Amino acid sequence: MNDLAVRLGVHELIAAYVDCIDEDRLEEWPDFFVEKCHYLITSRQSHEAGYRHGVVYAASRGMLKDRVLALRRANIFEPHRYRHIVGPIRVGKIEGGVAEVRSNFVAVRVMHDGETSLFASGRYLDRIDVSAEPYRFAERLVILDSQKIDTLLVIPL
Amino acid sequence: MNDLAVRLGVHELIAAYVDCIDEDRLEEWPDFFVEKCHYLITSRQSHEAGYRHGVVYAASRGMLKDRVLALRRANIFEPHRYRHIVGPIRVGKIEGGVAEVRSNFVAVRVMHDGETSLFASGRYLDRIDVSAEPYRFAERLVILDSQKIDTLLVIPL
Amino acid sequence: MNDLAVRLGVHELIAAYVDCIDEDRLEEWPDFFVEKCHYLITSRQSHEAGYRHGVVYAASRGMLKDRVLALRRANIFEPHRYRHIVGPIRVGKIEGGVAEVRSNFVAVRVMHDGETSLFASGRYLDRIDVSAEPYRFAERLVILDSQKIDTLLVIPL
């Protein structure tokens, strides 16, 4: 396994992931994860306190799919989009076909009327399955800097 | 054509481009484009509706030069600068000497009195001529997330 | 010295640097610099006017350590954290074991109550010692876009 090729692949995965969300192709979102994955959105405080649950939690690709279905059906929220900016990305240990990766992000939220605001900042702590292509997230922890989680957190981060 | 060398070159072009704008060396800006280029700033809504025109449009390097001249002469706007943050960058298909690239950006605007705000967010959809050095934009579409285009959009994005 | 390896190492250094600050491991921060370093936070206006001093200035690793000690002891400021987003990064001339690098950044500030705001934007102008591992900053100039420096500038940028 070529180290540089893995790095490029990891960057591409992270870029494709935010593109999928920001362009509202949410039905494709679960496919960025392995079947038996771990996805969690939580706050820094909860994460540092060792809590394994957060405001959003999924332990399988099926749960991610359910979430998208619910989000599409409910439709009770005010339409909006995100724009993720990610960087820098750090690729750490690559072992047993899994790469440990962390990156900083901000998500800008754009409401239907065009109102734009800084919605969230934080970091991604990832365990990425790089044993086969396409690369997929085995674990993605979204650690929000602020404990003031917006009630409008419906779209995944 | 080495794929990795092209990727590095594309990153460098995108970085040099925003550096040129953010450091107010606008006279150098047209040189980032091929002679017969296509530059467009538009909103997501207009872009998705298939409109090929936007708030700013240029179909040649000469038109870009005219724009800079007008901007320097007019001087009717309140002095300000941008700071672009770009990332992640995706290099897609490279074919016939042209690379398809897309990236996310935010532009922070800093007014003369130091007032700083989140000005714009969106993505760049690029077709980059990588057949010769220096690389140049054959097409750069600037797709703004918000349809509320600030009337103070004078400096290119 | 392999050019690509240097580039990757520079990216890693910049990522590790902001990770150290954003995760409040400030005691490790001085170790990102060579012993006889130059660290400066200043405004664009001061920098362009050629002033070599700014709101924060250090000419050795020892001075950086003193700064962290003072910051930890004083504790008079309202607790807060930053989240840095950096990109794009440009690696310029690599000569005599030193790489010239520049990058754009924004720092989001998160107060103890979770209040989040765009705190600062600007660029890093770096001279990085790449003659030995780990890479270290010989010089890091933090050029803020705004001359309105927040009085709450205690944590390094």
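By written order: A, B and C. Residues from 1 in each chain.
Here, a residue touches a chain if its C-beta (ideal position, glycine included) is under 8 Å from a C-beta of that chain, and two chains touch if they have at least 3 such contacts.
These numbers were taken from a predicted model, which means no experiment stands behind them.
Chemist: Count the residue numbers both chain A and chain C use at their shared interface, divide by all numbers used there, and answer same if that is over half, different if under half.
Modeler: At the contact between chain A and chain C, which are copies of one sequence, the residues are largely different (under half shared).
Chemist: Between chain B and chain C, two copies of one chain sequence, what rotation angle (nearest 5 degrees) aligns their Cα atoms?
Modeler: 120
Chemist: With chain centres taken as the means of their Cα atoms, state the distance from chain A to chain C in Å.
Modeler: The separation of the two C-alpha centroids amounts to 27 Å.
Chemist: Find every residue in chain C that makes contact with two or more other chains and list them.
Modeler: Those would be 4, 85-87, 89, 106, 118.
Chemist: Show which residues of chain A lie in contact with chain C when the two form their complex.
Modeler: For this pair, the touching residues of chain A are 4, 7, 44, 85-90, 102, 104-106, 118, 120-123, 145-148.
Chemist: Contact residues on chain B for chain C in the complex?
Modeler: 4, 8, 11-12, 14-16, 18-19, 22, 81, 83-87, 89, 106, 108, 110, 113-118
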